[in-house]
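Paired with chain B in one complex and with chain C in the other, chain A is shared by the two complexes that follow.
The block that comes next holds the complex of A and B.
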């Protein structure tokens, strides 16, 4: 098969997997909770904390709340991208197909991340409802660019989490406790400067932190150089996480074949 | 009469123990630690910093006490409702409703262990507050605080009993539980002063568990006497009784409907 037809075939699988994931997520109450209910409740709480502050603070909350939806979905839904197939008994068939497993998981993660953007739309609409005026995005061009890379960086992050949970069931059991740490380290609602200095490197290795930094900067009219730097860091981590993901997927399949644990829970 | 009472007490205690053991048969210790120990630790830090940055309020104790008390809802709402709902998913509901056992003893027994677990959860939250945010307990009347915590956990368990009954007729009770838990973060006054909320939101606050318990806990930790917070405690207790009573009526009603329609285990 030529490179071009190979690419076309992989893209077809990515879009099919994404469509299936979207259809399946539509019936999942937790997905609705994660992308609509939870972010809007957190936003409502933050809006009531804000009281009479201006546009910058409101848009800061909108972005922060939207980011919580993205992370919650990455953790709970993208994180289960492989385990979910295991539970439904379809993992063996996916592994047996000529398409690499990670292509299918990319499709599923793409759907999860794209639908998580509903969280940002929902909190934006809520801001209009609470304050009677829609907050302005001061650098719309940079915001769009930041959002594009934020989506890709969340996909790369989701791709790491999914095999990690399969290889380390103990880590998956801590899933419930991992939601708020990233809200904190990602600087979704407050600058990480408020945290102790030793936590800063932890923030720096998290793509959600750079995504939040770029989106906060673009929405509130921050310096272009700072926004571009954050986008650059997202690209760097997309590459690094991509390489780690490739190794993790190899490891999963190797381990499954050697130990015959592909379908073991 | 004494025999009946003995039987009912046995049903209550056995039900309390077995439903708790059954719940944690599938929840691993790591899962418990993540939810009950790490969870409150991180969401306390999150809300303290968010409150400090967004509202400019530097009074960490406000958020620490509010969120430590909110931990009561983890056991009260999730634990209790999962214990009730668990009978349906575990396939034991049909046997449960087939017995002549006293329904009130069965029903309330589902909440008992979670009451103790919830008290432990609040204490863990307060310990985190003392260790990380230097919560000052030097003025606290600990007996009064213990009563406040117990009453608050009881009222959240009352709501949990009601929500658990919803789980008998719907497949998505976790969606309801998650939504209620997060709404409580807003309306209970854990993170925003109830008096600063819009009037309609204050009305909701007055009808949910935790609101009066959190207010009482803040006063007691600030050095107020038990007599001072007594009316708040009475209100909190009453809220719990009302939710538990609604829950029990629903439990009885759903049993009758399910038997009549043959939908006891229909999903």
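The block that comes next holds the complex of A and C.
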């Protein structure tokens, strides 16, 4: 019973952290550039280059670049979340509450990912209208389901890196280093069958790979069983990575209390 | 019943010194202190800068792991039961940080309400009451970045009370408040005590400590050097009088001679605008005045006052003796 009410309370925190993040973003010009201006430019360029291609090619590129955007956002925000709180002195305040810190980071990341998702859909629709090519998604129902889990799996994967920031802000290098390999290994832009064989197991343990497989499959009308399999794998990895993250947060926050690094000196 | 029990508490920091050749230096911030606070008691922790007050408060509020020793609050261990404890204690660390400046005061409180797992309906009712209590009713809708230092401090007070904690830790709560704001906060603290909350307070204002605290511990260089009620601490210097001598210009050359006199027990200097005030604790009282002035030959002297010792004098005595 207390677990259940805790769960409800924590869900509420996810929503209020998300609301907070959105409110803060509204007043930040840089974020506005990141979620509206930049994707619009990219979408216009992409459609201009693809204007003579068939639907299959266009949809592959659109979804690939969409995933890139979401993944960058998930990685950036969940990494940024903790160092930002530490900078403002609010990290201690958060740690002092009964809410686990990762819940707050989930809320903030979720808000930013959803926000860029909405912006992306809008900019692609706009660019499509401009060039008169509106790519079609062949299995809309499956696509929606895949997208739902894709968002969660990006967040669960981005979140695993986030606690390292409490200990050492230098982790940013690692974060930047993770952006590009995941595009490739995740099969965002081309099938991983084109990569050397030894990388395949690496792809299989990346939730973004299964997200890409489900989304590409659903958009191009792939087999339903394959899409469902990819969704299943996403759920599996969300659970595994979620468990690791919770443990990691616990360990690292303990260490921060030993080393007095919860607050910037 | 003891609500807080601290025994042999120690905290060591590992500080990095030197930018190029990094080496570690151990700083013993808290060095084996023990004390207890009873339920409903208002306990003061006094001590000079760097004495270890904030470090102690951070360990009590679960933000730092003690290097050694133990703390039990409400029967819970601060390390093992940190999670359970957190929803039952509240704290203020003093200063402006620790708030979301881009959000309004009300939004800050609403957010912390959800973080403390409070019922949203109840929070909505409680926020205006708290804002009223800390005198921010009219500014609650404004963004925190536009608040003055003291207003941010007041918002922290509201934040600390949001979840109605049983035990409160106030680290220099009146720091940066104007005299009226400080007085209002003292009234709030008294009211909280009337609600039977257990409170630990640190402050550099002796009058504040004297007026509020039932018991006080004086901490210096990580060690408790005295503990007792304000009256008990004052009795350390009760056989003495304090002579205040206003002087103009430097008196540094005279200090060694003055300190060597049998009728001078402790001596400190306060700077007040262009003049300095020598505070001399002496068992001789008024009789010490004329020999004292004799020793200050050639110095321009202003007002001379002989008075009863205060808590501040006891504090100065304790901290100076320890040097």
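Definition applied: the second predicted complex is superposed on the first by the 212 of 265 C-alpha atoms of A that agree within 3 Å, B and C clash if a C-alpha of one lies under 4 Å from a C-alpha of the other, contacts with A are read in each partner's own complex, and residues count from 1 in each chain.
Simple rule for what comes next: a contact is a pair of C-beta atoms (placed from the backbone, for glycine too) under 8 Å apart; a residue touches a chain by one contact, two chains touch by 3 or more.
Nothing here was measured: the structure is a model prediction, and the numbers come from that model.
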Which superposed partner A:184 touches (first chain B, second chain C, both, neither): first
Who does A:194 touch here: chain B (first), chain C (second), both, or neither? first
Touch check for A:220: first (chain B), second (chain C), both, or neither? neither
A:153 contacts which: chain B (first), chain C (second), both, neither? neither
Chain A contact footprint on chain C (complex, rising order): 13-14, 61-65, 83, 86-87, 91, 93, 95, 97-103, 107, 110-112, 114-117, 120, 159
Chain A residues touching chain B - in the complex, by the definition given at the top: 29-30, 32-33, 37-38, 41-42, 44-46, 48-51, 57, 61, 170, 173-181, 183-184, 189-191, 194-195
Flag every residue of chain B that touches chain A in the complex, lowest number first. 28, 30-31, 33-35, 37-39, 42-43, 45-46, 49-55, 172, 174-175, 178-179, 182-183, 185-186, 191-192, 196-197, 201
Could you list, by residue number, the parts of chain A that touch chain C in their complex? 6, 9-10, 12-13, 16-17, 20, 23-24, 27, 88-90, 92-99, 104, 254, 257-260, 262
